[in-house]
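Note that the chains take the letters A, B, C, D, E and F in the order they are written out, and that residue 1 is the start of every chain.
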Amino acid sequence: MDKVSLIHGAGGEMMQSLIGSVFANIKNNNAGGVGLEALDDGAAIPFGDKYIVLTTDSHVIKPIFFPGGDIGRLSISGTVNDLAMMGARPVALTNGVIIPEGFSMDDLKKIVESVDEALGEVGAALVTGDTKVLPKEALDSILINTAGIGIADTPIRDSGLNPGDVIIVTGTIGDHGISIISHREGFKFGTELRSDCAPIWNTVKAALDVGGVTAMKDPTRGGVANVLNEMASKSHVKIVIEEEALPIRQDVKAAADMLGIDPMEVANEGKAVIGVRADKADETLAAIKNTKYGKDAVIIGTVTEGKGVIMKTKIGGQRFIEPPLGDPVPRVC
Amino acid sequence: MDKVSLIHGAGGEMMQSLIGSVFANIKNNNAGGVGLEALDDGAAIPFGDKYIVLTTDSHVIKPIFFPGGDIGRLSISGTVNDLAMMGARPVALTNGVIIPEGFSMDDLKKIVESVDEALGEVGAALVTGDTKVLPKEALDSILINTAGIGIADTPIRDSGLNPGDVIIVTGTIGDHGISIISHREGFKFGTELRSDCAPIWNTVKAALDVGGVTAMKDPTRGGVANVLNEMASKSHVKIVIEEEALPIRQDVKAAADMLGIDPMEVANEGKAVIGVRADKADETLAAIKNTKYGKDAVIIGTVTEGKGVIMKTKIGGQRFIEPPLGDPVPRVC
Amino acid sequence: MCLAVVAQLKEIKENTAVADFGGLTQEVRIDLLENPKVDDWVLVHTGFAIQQIDEKEALETLRLLEEIAKMDEEQ
Amino acid sequence: MCLAVVAQLKEIKENTAVADFGGLTQEVRIDLLENPKVDDWVLVHTGFAIQQIDEKEALETLRLLEEIAKMDEEQ
Amino acid sequence: MPVDQEQIAKSLAAKIDKLAAGKDIKIMHVCGTHEYAITKSGIRSLLPPNVKVVMGPGCPVCVTPQAEIDAIVELAEQGKVICTYGDLLRVPGTKSSLYDTVGDIHIVQSISQSVDIARQNPSKEVVFMAVGFETTAPTTAAIVLDGPPENFSMIVSHRLVPPAMKWLMQQGEAKLHGFLLPGHVCTIAGSHDYEQFPVPQVIAGFEPLEILYGLYMLVKQVVEGRAEVENAYTRAVRCQGNQKALKMMEEVFDVCDIMWRGFPVIPDSGYKLKPQYEKFDALKKYNIELKEVKKETGCLCNEILRGIRDPTDCKLFGKACKPLKPVGACMVSSEGACRIWFTYGKAHKVVKE
Amino acid sequence: MPVDQEQIAKSLAAKIDKLAAGKDIKIMHVCGTHEYAITKSGIRSLLPPNVKVVMGPGCPVCVTPQAEIDAIVELAEQGKVICTYGDLLRVPGTKSSLYDTVGDIHIVQSISQSVDIARQNPSKEVVFMAVGFETTAPTTAAIVLDGPPENFSMIVSHRLVPPAMKWLMQQGEAKLHGFLLPGHVCTIAGSHDYEQFPVPQVIAGFEPLEILYGLYMLVKQVVEGRAEVENAYTRAVRCQGNQKALKMMEEVFDVCDIMWRGFPVIPDSGYKLKPQYEKFDALKKYNIELKEVKKETGCLCNEILRGIRDPTDCKLFGKACKPLKPVGACMVSSEGACRIWFTYGKAHKVVKE
């Protein structure tokens, strides 16, 4: 296969193979600390007795305005959350906006307002940017890249799980992905599903302050299914999830059933999957639940020796939770 | 005008108006130090007794491979140079790659090799990245956003010129822009013009070490004409340039004449315009000339009280050097 | 091609009905049904109600299953 | 529409020639010229040579201009 | 479903274990949705190792041959507006899948959405890819009887379950002890067609407990030496099926021979439009021929499905045939035997502690 | 150019200063390339304040009316491949410029490049926008005589300088003392056509010193009360012009009346294809009508060019008429009076220390 295909960008196994065969060749990949080779939520560079955490994400979402947010709010949330996942307080962000000619100036203003509002929620600043305009023939929708830096005392890795830890998810699963897919495919529901898009530093900070967090990752592309697999494999542990514990909104569940899509496999944009030492689990959960974006947090599973991610189903069965192969697509059979 | 037009992305006056009416509304725009409002080459955030400098640029160049470089080398050079322009040693970079489906895997590998090579030249590292793939209908060519951080003792601004300073340009003018336009428009020349695309931190460092640098900016979009105007206006000074001193390659001049384009108005991707205290001018020039990318450096003008940028022409006339209104286009009259 | 979801008919128009899928509503075609009525529980496949659910049978199955579980306990 | 650049014809084909623009070469059409020869200096406009440069006249103008400057000095 | 699902499941599993003790029982289901539910609920992990549930040629997407994908891709490339169920998006033809094709391709949730698209775009030609078994065929029939607009047509790729089961059994030496029949297919078609087969069969629903219950009934038949068609999905399936839907199908379709991916042409296993509705047949309308792919590539799907060969017996396994470039149905479905062996190695994918 | 350009320039400027002492002299040039060279070399800064050089309607791009831009935009929107010189790209029509139009638009350096594009794309229709004065018209003629392919056509928008000058002078009370004639136009057309005008005229080249020399000769004529056509560009201009080129133009074109942006239709000031070449006329081929824009918007370009009005006298100035949405030629060119006043305010743009 000598061409890049859509599936290479879908966050699954093929994406890993693309990264492995292309980007992993970069030799200048580490500035001390956590570098590109870690494929964590961001990099961490030692500086004095702290770490500068650096991360980037490009946002290509369509529709650009959706129930619960827009591409502006998303671009800030995504980067703030990646910084938070590394245990870093988000400090300063960049914005690289690429606009197709003919784009509505009012829409651009709305997007920028959302950017500002999301920044304000976590006390971060947009300190530098870049704007490009491309011909309509070259690009069909606005793209926003956001990079950001944060400061961490010690970076939290996605590979830090230990047997005995418990797994917390900070809220309901699948809201963003299921709502976007429904919206995008023009499936008309009587009520409106909403994305959970939010910058959750304050929620994460509450968890960090308790002192028992061992690993974190935000379940964006590939969803909770993907994140659990990455965390388990990088930490060399097995994760066991209780199906009954999974927090899934009733309307999200109904839409997911209709679409034939597993809510575990779609993106969340305001959630974290957090590994916590068992002795700190209750306190951490309570701290999280006490924050704006952590009210629905629950413990969904535990970490044991072994490998893989296993779900204990409602009927007492067990199955692997696998990382999705590509972007979820509505299905009927 | 309620739509974004190509000219809003061309780096001139309309781009300023876009930024002014949209991005300037962001209130969370400063994390201490130099923020978004400065519209400098990057932001600078105080950290201990140093500054973290942060910058970003999206690269949308076509053709993606061109004589003298490719989009990979360009994406690193652009960000390394912006960091350098702030007086910062480039430390760690990010890469947000957006790929149209069907893109050649071999081309992608070549681009990534160029990225690595450019990083190696200045000892910086690519520490984190993001990859997206879009349908062919949505995007027609690869886009790369690169953000980066560097460390500076004191940031160098584009607004630091003082009357009496001299203006140095670190090498020949217009190479990148004239070569790309010739190449892109399919104008066939017998010999090949080459872009100057290069990461010039080592050249800049040589200048900084002398201790007389007062202001810096890299003449990318809008070229030297644009950069001189920005520096003069932000520094509240007048700059006087000697036409005879401008270093322009013979072949670039010939092509520029044929295209009806002013080499002063096109992008350079491996050059800096540097303001230096007069008493350090010769020593700084010598230091620059001693580096790989500084051999053709010259003093092109001086700074005085007043405003605007003036050129003393070869026939002894004077004229304003104006910031270009939009991207340069070949003309015949 | 056989993913079907249970829904309840809420409002019947000509050959369509508004169906309630546990909180979400969507319009479905009902022309494959013999005698659709409001409040009927139906199986919906690709936007078409393909059959009514027989509530009596559903309860009967349930009873059977519970009996099996109880039998077990008694053993 | 009158940007024209001076070039020297280097190689003549049918109705085109290779022209040298100070180091860069490009093919130009020569069918508007009366009697094009290799080494002719020509004015090129939109890819067409529109006229030969008269070297004698060019030198004469130059002489004139220098004379004016000298006259000035002598005054 | 009620109070303690886990308790009921455990009881059913225990009963199956007890009944099957000392025997090797292999049960085939023929429905993608059954596979989905079995996998998601971890049913296999509850069964004793001597009771195996395997997937038959029952996912209409998996069995859609390359020739049909090639045809719809060709129409997409010609600029037709293509409507398809998402399932089909990534199934490869000989050159490309719809996913990798540049064109105006819509994922729809219902055939009626594709008719809406045709009505809203009268200047464009809209082609719907009508895949699916008996469950889906009546929706196509309903649309044809509606009188869709002139610019709407479809590739009719409907297939029927009983002829495929029949063909599979005719191949002989199948090591299958019983069939879990597809509940939603039977909701439309009823159960009479299955009475011809002299094997244990149980119609099952799709809730995890309904499936387990169906398996229990099947194992019971096997052990008791019966071979009947039983119904464990009475809340939805009547033995005469959905008569109204069946009548509409009869009005619109004629039975025909049709290709299945990884199999030869199976007689009487497909539907085509009756002559009076041929104007909605995209293949006829645009004069597209289904090009049968070069004679039998060596795919062993049918032997694998009958349980007499393993994926590794196939020369193409992992070479010409991979998950992103499958040759047979067993490599298309994420639950096909070849796909599982490729991804997980010989080790069974079921969690066992 | 030789030794000390600055020295020669100073001498010429000093002579002009001396000659013009006590008089106000206003000279018009009618060539975009003259303006470009004058601006880039800062010639105005060398002239005494009583000698002014202004720009006439001499940039073919500036004077291309909205109707012609609308026509080429319409063709682009229809899917034709459009070839144009870069100059025209941003000139707005009533709705859009080519720059803001989605379509297959190529910037070419030569009309012959656009013919190449037509040959390489036989299935596409290629339209070239043939703007330009006498300098450019023969290149169009040469291409027409070549016999371009069937799929090639053009909007012929060539205009002639002398009829425009004539019209301008006929408006009366022009405060112009002489004309710097366009060197490259005269390279083709020669100088005879200008002898009809009873004003001082000098043909000048485009090197800064050639222009200064031409201005010096003009001021000399003015002061000496002569009204001749003199040639300061002898290395390129013969008085009979380029006879071969002129013959080709005659073979291909007929003279016609034509619209100019900001002016009314000027009689005999344009070219159209002779009937035998009409098949290359894109307007005829695609049946496009030039829609004259709503009668005289109030643009004062012609008065401004004649020096009898200022931009601020125009009601549209800075309101309906802005650099990115110009109404008249004076706002299109970056050296037009309206454009300069808009960008810099009343203050003259010339550097004076």
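Here is the rule we use: contacts are C-beta pairs under 8 Å (C-beta built on N, C-alpha and C of every residue); 3 or more make two chains touch, one makes a residue touch a chain.
Since the model is a prediction, treat every value here as computed from it, not as a measurement.
Each step here moves to a touching chain, and the least such steps from chain B to chain E number 1. Listed by label, the chains that touch chain A and also chain C are E.
Listed by label, the chains that touch chain E and also chain F are A, B. When the C-beta pairs in contact are tallied for A-F and for A-E, the bigger tally goes to A-E.
Of all chains, the one whose CA centroid is most distant from that of chain E is D. Chain centres computed from CA atoms place C at the largest separation from chain B. As a whole-number value, the distance joining the C-alpha centres of chain B and chain F reads 35 Å. Put simply, the C-alpha centre of chain C and that of chain D have 89 angstrom between them. Distance from the chain A centre to the chain D centre is 65 Å, each centre being the mean of its Cα atoms.
Residue positions of chain E touching 2 or more other chains, listed in rising order: 8, 10, 31-33, 36, 60-61, 85, 87, 100, 109, 113, 132, 136, 209. In chain B, the residues touching two or more other chains are 1, 5-7, 101-102, 135, 137, 187, 258, 260, 331-333. Residue positions 1-3, 45-46 of chain D are each in touch with at least two other chains.
Annotation, chain-chain contacts: A-B, A-C, A-E, A-F, B-D, B-E, B-F, C-E, D-F (touch as defined at the top). By the touch rule above, chain B contacts chain A in their complex via residues 1-10, 15, 18-19, 21-23, 25-31, 34-36, 40, 42-43, 45, 47-48, 52, 54-58, 60, 91-92, 94-106, 108-109, 112-113, 115-116, 119-120, 123-135, 137-141, 143, 145, 147, 149, 151.
Of all residues in chain B, only 101-102, 135-137 touch chain E in the complex they form. By the touch rule above, chain D contacts chain B in their complex via residues 1-3, 5, 18, 21-27, 45-46. If you check the complex, the residues on chain F that touch chain D are 1-4, 7-8, 10-12, 14-15, 31-33, 36, 60-61, 85, 87, 109-113, 131-133, 135-136, 138-139, 142, 182-185, 187-188, 206, 209-210, 213, 232, 234-237, 242-245, 248. Only residues 187-191, 193, 250-251, 253-255, 257-258, 260, 331-333 of chain A touch chain C when the two sit together in their complex.
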